[in-house]
Structures are given as structure tokens and as C-alpha cells.
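Below is a structure I'd like to ask you about.
Chain IDs A, B, C and D follow the sequence of writing; residue 1 opens each chain.
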Amino acid sequence: MRFLTAGESHGQKLVGIIEGLPSGMKISKESVDEALRQRQRGPGRGGRMAIEQDEVQLISGVRGGLSTGAPVALEILNRDWENWASIMAWGDEADLESRKVMTPRPGHADLTGALKYRTEVRNILERASARETAMRVAIGSIVRQGLSALGVEIRGHVRAVGGVHAEYKDEADYWRRVKQSEWSVGDPVAEQKMGERLLAAREQGESLGGLLEVQVLKVPAGLGSHVQWDRKLDGKLAQAVLSVQAMKGVSFGLGFEAGERMGSLVHDPIHYHQGQGFRRGSNHAGGIEGGMSNGEPIVLQAVMKPIPTLYQPLDTVHLETKEVVKASVERSDVCAVPAALVVLEHVVAWVIAEAVLEKFPADSFKELQTAWEAYQAYLIL
Amino acid sequence: MRFLTAGESHGQKLVGIIEGLPSGMKISKESVDEALRQRQRGPGRGGRMAIEQDEVQLISGVRGGLSTGAPVALEILNRDWENWASIMAWGDEADLESRKVMTPRPGHADLTGALKYRTEVRNILERASARETAMRVAIGSIVRQGLSALGVEIRGHVRAVGGVHAEYKDEADYWRRVKQSEWSVGDPVAEQKMGERLLAAREQGESLGGLLEVQVLKVPAGLGSHVQWDRKLDGKLAQAVLSVQAMKGVSFGLGFEAGERMGSLVHDPIHYHQGQGFRRGSNHAGGIEGGMSNGEPIVLQAVMKPIPTLYQPLDTVHLETKEVVKASVERSDVCAVPAALVVLEHVVAWVIAEAVLEKFPADSFKELQTAWEAYQAYLIL
Amino acid sequence: MRFLTAGESHGQKLVGIIEGLPSGMKISKESVDEALRQRQRGPGRGGRMAIEQDEVQLISGVRGGLSTGAPVALEILNRDWENWASIMAWGDEADLESRKVMTPRPGHADLTGALKYRTEVRNILERASARETAMRVAIGSIVRQGLSALGVEIRGHVRAVGGVHAEYKDEADYWRRVKQSEWSVGDPVAEQKMGERLLAAREQGESLGGLLEVQVLKVPAGLGSHVQWDRKLDGKLAQAVLSVQAMKGVSFGLGFEAGERMGSLVHDPIHYHQGQGFRRGSNHAGGIEGGMSNGEPIVLQAVMKPIPTLYQPLDTVHLETKEVVKASVERSDVCAVPAALVVLEHVVAWVIAEAVLEKFPADSFKELQTAWEAYQAYLIL
Amino acid sequence: MRFLTAGESHGQKLVGIIEGLPSGMKISKESVDEALRQRQRGPGRGGRMAIEQDEVQLISGVRGGLSTGAPVALEILNRDWENWASIMAWGDEADLESRKVMTPRPGHADLTGALKYRTEVRNILERASARETAMRVAIGSIVRQGLSALGVEIRGHVRAVGGVHAEYKDEADYWRRVKQSEWSVGDPVAEQKMGERLLAAREQGESLGGLLEVQVLKVPAGLGSHVQWDRKLDGKLAQAVLSVQAMKGVSFGLGFEAGERMGSLVHDPIHYHQGQGFRRGSNHAGGIEGGMSNGEPIVLQAVMKPIPTLYQPLDTVHLETKEVVKASVERSDVCAVPAALVVLEHVVAWVIAEAVLEKFPADSFKELQTAWEAYQAYLIL
């Protein structure tokens, strides 16, 4: 299974193609649209979110509510496009001057992209923009529906924003609050402080990052492999996480705390329960040992840097005059941590789905389910 | 460029093949052997290190000291093999009983691997062992020699062991001490404490992990790409780091600290210096923006969990009887952080070399150098 | 560089994404549309060709007439779609009954696809249809424009249709006639006979295949590589050719005649001409030795079987009743050899372009041109 | 599943690594050695065959006669190596002069390889040599053993040598004779003529090519896929065939004859037999429709050009002086068609095995067998 995405932030639309999906899998456009809505919410968003109201179009590979096995093409229109049509036009008539960018923004792909591709900064930022993650959410949502039908559950919460940390308790109550929270935070005290921190940041022309956590529940032991470096599941998850705009780090289970402790306080003892198979007494490993899922929840944390577009912009250099100037300002959010959480959940869904399809036969979803259930039964013998 | 490795911990040898190396690149066996020696040193190593004395054999693809463009096959003999020959034999005569493992070790691939591959634990741990990283160091060392000829420098140091943190100063003196330190630590006070921590751990049948940092200097802006998720350089580096045994997290530049700060304290202002091109006033990004190297040093940190084999083993379950027992003990180290640093440096070298060849495809090293120099000249215009 | 295509024969549109195109490459929509028109012509086409009038939409990755380095998304609308909208609908409201296919056509993917994907034949034939090659022509046309700017020329002609063989002469006159011929044939006598053969076939409810030849001129020596099996240029070209619907064989240069002759009558002596470098006295190898282009024109031939949809259909089996019945008839052509030639030229263009980008540095087209010209100069030293 | 090979014709050894083999698969060294012996036989071979007596070494990934799931490393020693050790040495002490090649042989990779890799011809021909196919046979033999355990049978015969064509009858008797024939030919009259043709060629310093056929029996419908161009089984087989040294063309079923006939004489009517499922009345398609196996035997033909090294060498150019000279002569065969047949069978085995694992991903052979048998049962319902 593989996918490609295309499309610019102010282009006509985002386009994606998924190749290798099993046939006969139920696909709901509503579920994709709901994921897209989730990605647009959050208290720190700029004006664009109101404009977007993203909606997916299923162009191919789905018929009568079921995948056909053929490639699935997806589109998401950019509703602001008509205002940009002449600027972004593919032909000679394009207006290349009006929105030319000569003052690359620190923290973005602007400068390096322009140097690498020897092109104007506008051409870089249009593609480097996190707008592209809308399509990755749509694609992730498609495969997540399949995972969900197998019983795999993916969930996430925001652990910190701009230095304000939530107190996490792995309880039903906490997770219920996460769902209701516009911050995706289950700790109401922290949530309120985050709101205050956001207001302050907005006032100062600043931006905020944070700490995010994604969990994958009910994954069987044995996804990924230890036999070759590039087949390790944690490696693939790490790549996917770091491929999301603004992510600067990822860790599993105890994460960086694992380096501080003695071994006996890190590793998870193995138990056995009749009818459940092998389980662990703790989950410090975050569900991955030897590059494979070990049957416990996969738990990963990621850090997101503050959005680099600042309304009080940093110093940069004018590309022609080489004078010191302030960086350009594209419309931007102050804090996109809850939105990024939705993106993370969906890129994680992709990696898990890919690992599932590497392990189980599945031209059709029916075969996948049969193989999946047989394996689950084997595991609890 | 791609590679595969093969070989078991107690098999006859490790084997590697590198495909896609340019021709005409100087390759020194001594440099590879030196890297292998570096990997074997460190104060926390078990008895095996004395046995190994690793040495590479260059089987193909190199002639008269230069690569030919043909695949480079490498071998590293396992000197302990003769004691294991009958146990590891490929044929029917193999002694499958003597070293059978029925008590999987927490923290290793043992249990999951055995479930996934439906085979005895011995077959899993032999391949999952960090012994395999010797070949990855050898392979990394080959491409690192090419990077070095282009002026790219890779270096690393240990930032913490078992909770003892070194105080890092980016000074020549510090780096000189790192080179002389068996801990790869530039802070002598911390180094002494690490030794004490190690002694205590060994006494208690415990093991230690730590925090490692790798830096890549003199990389031009523009390796990797923002245009598609799987081409981002930080994503690829993250995958490579997490693919090293015992790594549980990776971060770039400020790392997890980036989520705590306001945006203006995170992003690196852009400057311009005649004759040097664009530079940054700080390097909080760790040399990567938009999935591309930005011309500043690439700086990444990784956390290593303590080695899971404990001489005071954790609880596990006997695979047949399902009784609670102590985990088996394979010969092991108490702390392998300095060795892991060498591995990290070399897997990073691979990713950088791959990114270089993606940007400057090259049948011969001469063409690579020409393209490289032309690009460097372009960057400082 | 890579691409994916999506879309069904009667779906809303075909979609394609090209990833890895250099920036700064001139892209003309007109050239793509002209290639699409070429694909639709020919004397043996059914009614659909009139309906289609294919036209590409450039959705992303091109601005102001130049590629930006970002993925290029392409669309081709299916003009007949409105008549099929309810049949092909992605949602539960789809009319799955009206155009259900229970009588799989021999020679198509119908039966095997339905068995493999456990789905209705309609879902298979919609994707397996040669309609999909319209997108491959569009994609090939994009990269062919780049090749053309480098001086590489691709051309093709039809060598035989339904047993009528043209007498080929490699002369300007012949090629001029090929361009004017609706059969893409340079031999007017053969062309007339082909027309007669077509009429007869149409009358009998039959279909015709033929023999096609594609040539790539002004390719330098050294594309592809001998060092690993999957890097050989002839292997890649062969895969691309066989991936086109209805192709059953491919050969290079002398082709199957090479097995009949003594060695001295097969291999091409090496000459040297001041200012031209190494050339061959003949081109029996079809421009490829050792899996690499050798500097002579690449010449390949492909055989196309007759279109399997017959208006006098063959026997098949009703999928439910298992009764012997006549195969279903989808609207179809009697002979599509000239159209297939256009497809072949464009899939060949892709493989050549890919090989060029594997050999030369090219984030931007300017770098590609510089490297290309330096290499050409080196070759004639 | 993937593999890499390495090694030069006169180097110390050939090396191969197979990655992704299921565990628990029976692997017999004897079977590999027998395949290697088959590759060395044939009446047209030069002196080297006596020297080689190839034998595989199983270095890793196999224990107690079963695959472990870990990568399988293989070696084949070059018995002639000791005579070449100083010439092929990797270090500075290598004797680069004694066997320097300045007169590239037409028909080989010699000239193009030297231009591309900017290296001496010796470095090219050592890797481009068909010696490398010994490792591909060994690798193919490993996966062929797994296919065989699933009931898949691969067989081949020589259809023509140097213009002498065998009269093929698909009868048990014919195939019995093929096995006994040193020419792999089942027609004794043709076989005798081939011997005479060989004698004549040898006397004249000439070489011979021929026509080869490989068949794959008992492959279920549904390997490969129609949904994306690069997943078509015929395309992959074509690439594999053309990747074998000296192959200049490949065709399936009727092959080039398919272009000559009317459609009704080309396509294979679909039948249904209780207990057997869907079958075809003929097999003109060679077992592949829509890029997928259709359940009938896969039948492909390949043409092999005469070996390009001629004892009466062709004209070439001295690389330094640019004078017209005779091409150099490396020890060579007069005709290697029967040997090439063995290579073809094994590269075909690889592609089929890969397609099987894409359809039935499998960590263990037992899972593969279960999925395979369930699918077979489904197909005959």
C-alpha cells in the first residue's frame, strides 16, 4: 500500500491517491469529513479555518460504499482558491508578482526550499504549508476505518501547550473530557491555563507549540519486524511523526525518561493469562519491543514547535537586497496543537494499516478479517 | 543507494551488501576497522567484546583502494562461532536443544518474534541482537569516508548515562575530551560519576541507558525535501535512529524543549554574510527546517533504554508450562551507551549519504565532487 | 521520480500524480492535449473516441508555465460520466444492478480480477480498461517535454496490423509519411491493405492487433546500469511496455532474429569518430548493451494482441448459473494499434526520464541541463 | 521480499542476501547445488565450467533445515580466484596492469560501463559477466523450493539454437527427453543438428544464441494486479527475463503471433468444470490476462543473442590510441543457451514467489500454506 499527495495551499485543490487498498472495505465519506472537521477545530486557529470547511470528494476506487481494490483518488477543494486563481495559475498568464515573497520566514521551508529548487519562495511555501496535512488526514481516515472494523482503536490527547502540562490519568473520565475539550485535553485546570497562555501569546504576536500523545489500542503482537533495520515499526512511526510539519521529536512509552532509570524499572515483565495470552505488567516500552508491536497499547509522544509564522516577525534577509528585514507574514494560527494531534493520529493510522497489510493476506477485506481473526485466536492459545 | 544486512549473533559471520555506491571513491579498510573498534569499546561492556575484535572483509566492489561502482559486499566474522557451529548449523544435524530458549526476556524481541515467526526464541534473539549493528557500522563507515572526502563531518557525544548528565559546552576542548573519553563524554566530573553509577549497576545485576547526541557539520542547505512526506530528512533520520536497538526516542535541535517556549525563542533568525551565504543566528532547529537541511549543523539527540538482559532477571513466563520464571540470561553488557553512539553516528552517515546521492546522483565520485562544489559555490553567491 | 494513477473508465475523471519532477521545467498544456488527441485517433476506433475529446487539467506543481518541484497533479474528465454517475456512485445510493456484468470476457481482466478481488466484474473492468492509458500518456507527455528540451527524441511507427506488414525504410520520407498517416505507417501500400483488413474485421465482428516500434534518439551512453539486475534499462523498458494493455511481447534491436544468427552477424562493431566519440557500425543491439543505453538509438518492438472485446463474442460462463453464454460486450474498438503506439511512446518516455534523473543531479531543470551538457561533452572527448 | 547480489567474475566469491522469506520453510542445500550444476552443464561451455563446480554456502537465516525468517545470506566461491587474487585485490597492492582491458568487446557492457563509471574496463566486465547469474540461480532455487512445496512447478526447454528449431509437443515424452538432453531439447532430430551447428560455430570462432521457453504450472488465478501499471505480473516477468545477460526479447503465450491473427483466434474461451473451477479452452494468453495469472500455465518465451565474446573477435577501438583493433577475448563459451534456460527458470521463480507473498503475506510458511489452500478451495467453489 502506498500513497502520494499533491496540491498547494492556495491552489485549486488537494489531491491524493491511495494504492493497494483491499476491496470490499466499507468507506464512509462522513467519517472522512468528520476527521477533516476535527483537524480544523481548536482555540488557536486563524481566520482560514472558517473559510475552509473541508470536505472530501471520493473520485475513484469506491463504489456503493465499498472499496473496489482500484486506487482511491481523493480531492479536497481549497475554498479560498478563487481569490488566488490568477496568482497560482499554471499558465503564462499567471500573476507572479502580486504575492511574490522575498523575505523568507525563519522556521519554515522558505529559504532552503528556494535555494534548493532555485525558485521563488511562493512556490515553496505553497507546498510546504501544513495545508497539505488535510489530505493526509483524509487518507489516514480511509485506512483508519478499516482498522476500526478490525477492532483497532486510535486516540490522542494534548499533554502540554506552551509549557502548560495536563495531568494525565488513564481513565475513562479523562478520555471523555478529551473528546469534549477544544484543546483535546482531559485536565480542566490545565485547559483553562492553556487558554490564558494562548491569549497572552496572541497579544504578543507570538505562537505556541506543545506535547502530543497518540495511542493505538488492540493491536496484536507482531506488526513490524526485527529482521532488517527498515522494517521496524517504531522506525516507521518515527518517520511518519517527524514528517508532520513542526514536529521536532518523538518518543515511545517512557520516552526520554527511559534513559534515566535502571533496567529493572524500565522493562515490562511478561505474564500469561488463560484466554488472553501473554500480557505485560506495565507498558514502559510503549507497546514496541524489537521493532515490533508487542500486544500492549502503542503509546508515542511527539513535540511540536510553535508555528513559525509570527505576527511580530523575526529578522530575516531580503533575498535580493540582502538587507535585514522582518519576515513576511502569511495568514497563520497562533497555536495548532489540537489540530496537529488529529494529523498525528491519522499518519499513525497509515503506518499501522501498512504494517497490517504487510502481515496479512488482503486483496479483499474479507480475507483480511479471516486472517486477522485466525491470528488473534492463535495468540491467545 | 540501498543496503541489506544478514547474519546472526552466533552465526559464522555478518554479511552486508551496499548497492549504488559511486565508482572511484577511496575506501580504506583501516577506517572501517577503526569504526568497528570504536563500537566495541566503552566501560560497560561484557566479556564478548574481548572475543570479537571485529574486522571487516571487503569481498567485492572495491579494487586497488577505489570503489568500482559494483555492489560492495562486506563480511565480519564472528570469532566465537566455532563454539556455536553445531547449534547454529543450517542443516538437519543442527543441535536445536542445547541452547533452546523457553523463557523470553522482557524488553527484547524474544517473545513477540517467537509468536510472529512461530519459531523458537533462539532463532529470534540471534537476529534481533545488537551484534547486527557491527555490520551497520561497517556500511556506514564506507559512506562516511565519502562524506568526509566532501568535507562533511559527523561527530557524537554521550550526554547522559543512567541519570548522570554531562554539562555540554560546544568548545574544541570539550570535543577533544570526548575523543579521549571511554564514555565519549567531555565533562570529566560527569564521567567519573558515570563510572560510579556503572559499578553500582553491575553490582545490583542492573543495566543503564542514556542520552546520546550526534551532529553533522558542513552539510549544505537542501538535503531532503518538503514536497512529499516520505522525503523529509528529519523523518528519515528519525527512522534510522529508532531502528537502532534500544533507542526509544529522537529529537532535533531544541527537541522537547521546543514545545515549552514561545515562538520567538524557538525560530532561528536568518542572516546573510558576504562569502558565506545565508546563516542563522542560532540553531534551535537542529539544522532542519521543512524537512530539509538548512545549512547549519544537524543536531539530534536520542535516548537509549537500559540493556534489557539483566543479571538479576525480571519475571517472565515459560513458553510451554506457562509458569512464572526468571528470564533467560544471554551474555550481555551492563551499559552500551558509548558503543551505541558509534552505531548512531554511522546510521546517520548512511541517511546523509543517501540524501546527498538523491540530490547529486553520481555514477562516479568525481562527478559527485564536481556537482557538490558547484552547488556550494552557488549557495554562497 | 514516481507516479500513481487512479480512475475508472466511466468514473468522473482520471487522476494522476507525478512526484519528483525538477523545478523550472517548461510545461505546456497544449503539448499534453496534443498527445491525448494523438492517442484518440486511428481508423479502428469505436464511438467513444468522439465523446471523449480528452483534455488535461494541471492541478498543482506548475505555475506560470514552469514546474515548481512540487508534485504535479493531473486530471482528465470522462465526458461520458454524467450518463454513468448513478452507476459509478461511491455511496450507498449507487445503482449496482443496471450495468452488472455476469459474463466475463475472455482476454480481459474480468474473470481473474473478480476472483481475486471478490467483487463484481464491473468493478474490475472499469479499472482494467485501457481508458487508464490516457493518464499515462498525459504523464509521459510531461516528462517527454523535459526530454525534448534536452534534445532526446522519441518516435514510433506501426509495423504491422492484423498480419499486414509495412516495409520499413529508415528515411526522412518514411517518417514524414508516418506522421501524416492515420495508421502511423510510412508504407502507403501496406496502409491501404490495413484499411481493407480493418473493414473485413469490422464486418465479421472481429478485432485486430499488430506490431509496433518505438525509437529513442539522442540518448547518451550510460542510462541504466549493469551492476544489479533491477537497474537494467532494457528490463525497465520491458516492464513498461508489457504494462500497457494488450501487449504480449517486447524485443530490442534485432529482437527474436538475434537468436537465429551467428554472433559475428549480431554484435555491433565499435568505431570512433573525432568530435562524435564512440559509435557503432550497426545497431542490432537496439541501443542497449549490458542493461545500459550505448549511445545508439534505442529501438524496441512490441506486439499487441487484438482487442478482446468482440462484437461476435466468444464463449464464456455465467458467473452465477455457470451456464455457457456469450461474453458481454462493452463499447469497444476494432483496432487500437495506432493509439497503442502513442501510449507506448509515452511509457517509454517515462522510463527514459526516470533513468535520466537517476544519473544526473536535478532539483532544478537548470542543474539537469548543466550536468547533461557536461556529460555529453565528456563523451565526445 | 527482496534480494541483492554482489561479487565479481574473478573475485573471491559471489554473495547474495534474501530478505523477507517466511520462517519455517524447508531449505535444502542439495537442491541449490543441483540447480547450480544444471546451470553449468550444456554442450557449448568453455573451460571455466570444469573449474567452477559451484556450491552454495548458507551463511545465515537457515537453521536445522528451516528458514528462520531472518535474512538468508548465500555465498558461492569462485574456485579460480587464487589465480586472480592480486589482480582483484581491494587494496593499494592490487595489480591493476596485468589484466587491464583497453579493447572493449562489442555486445558487452565493456565500453558503456567504462564511460559511465569512468573506470577501467576490467572493473566493468567483472561485474557485468554472466558469472553473477550463479547467485541468482541460488536465490531463485531457495524460493523455488517454497513454491514447489505449494505445488507450483516450473520447467523450461530450449526451442531453438542458432536457427535450428525443435518441434515441440506438449507431451510427457517430450518433457522426459528434455530432462535427459544436454541441450534441454525434447526433439532428438533437432538436438543432433544443434550439435552440428555448435561444432561449426566453434570452428569459425563464432557463437550461438537461441530461443527458450519457461512454463509455470499450477499457479492460481490472481497473482499480480491490473490496478496499477507496476503491479502487472507480465511486466515483472518481462523485467526479470530481460535482466538476464544476452536476452533481447520476451513474449507470452502466442507471443508475436498474436499480432497476426483475428481476435477470435487469439482469446481463450472461458469454461467451468465442477470441482475445478474456471478453465480455458486454449492458452494463447500464456496464462496471463489483465496483468494477472489466470490459472492456466504461464508460458513465456525469450530470445538469447549469441555470446558476444568471439574467438574471431569483431572490430573495436583501443581506448587510448583510438586505433581500430580486434576486441579482447575473455574466456568464454560458444553457446550458453541451456545454461541460460536454468537462469531463466530461477529468475521466473523469484517473480512468482514475490507475487505469491504479495498476495499472501506470510511471516511463517505455515500461514502461507493455510492461506494458499483456503484460496485454492475458494477458486474451485
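The rule is short, and it goes like this: a residue touches a chain if its C-beta (ideal position, glycine included) is under 8 Å from a C-beta of that chain, and two chains touch if they have at least 3 such contacts.
It should be emphasised that the depicted structure is a prediction, and the values quoted were computed from it without experimental measurement.
Student: Tell me which has more C-beta contacts between its two chains, B-C or C-D.
Tutor: Ranking B-C and C-D by C-beta contacts puts C-D first.
Student: Starting from the Cα centroid of subunit B, hunt down the chain whose centroid lies farthest away.
Tutor: C
Student: Taking shared residue numbers divided by all residue numbers at the interface, is the value for subunit A and subunit C over half (same) or under half (different)?
Tutor: Same: when the shared numbers are divided by all numbers used, the fraction is over half.
Student: How far is the middle of subunit B from the middle of subunit C, if each middle is the mean of its Cα atoms, in Å?
Tutor: Taking the average C-alpha coordinate of subunit B and of subunit C, the gap between them is 45 Å.
Student: Could you grab the centroid distance between subunit A and subunit C? Build each centroid from C-alpha atoms only and quote it in angstrom.
Tutor: Computed value for the inter-centroid distance: 37 Å.
Student: For subunit C and subunit D, let me know how many angstrom lie between their CA-based centres, rounded off.
Tutor: It comes to 27 Å between the two C-alpha centres.
Student: Residues of subunit A that touch two or more other chains: which are they?
Tutor: Answer for subunit A, listing residues that touch two or more other chains: 4-5, 19, 69-71, 113, 116, 124, 127, 222, 225, 227-228, 359, 363, 367.
Student: How about subunit B: which of its residues touch subunit C in the complex?
Tutor: 19-20, 69-71, 222, 225, 227-228, 359-363, 367, 370-371, 374-375
Student: Name, in rising order, each residue of subunit D that touches subunit C in their complex.
Tutor: Residues of subunit D touching subunit C: 4-5, 104, 106-113, 115-116, 124, 127-128, 136, 160, 162-163, 201, 204, 206-211, 221-222, 225-230, 232, 234-245, 247-256, 258-264, 266-272, 278, 280-281, 285-286, 289-295, 303-308, 310, 312, 314-317, 322, 324, 327, 347, 359, 379.
Student: Can you name the residues of subunit C that touch subunit A in the complex?
Tutor: 2-8, 11-13, 15-17, 19, 23-24, 27, 29, 58-66, 68-73, 88-92, 94, 96, 113, 116-119, 123-124, 126-127, 363-364, 366-367
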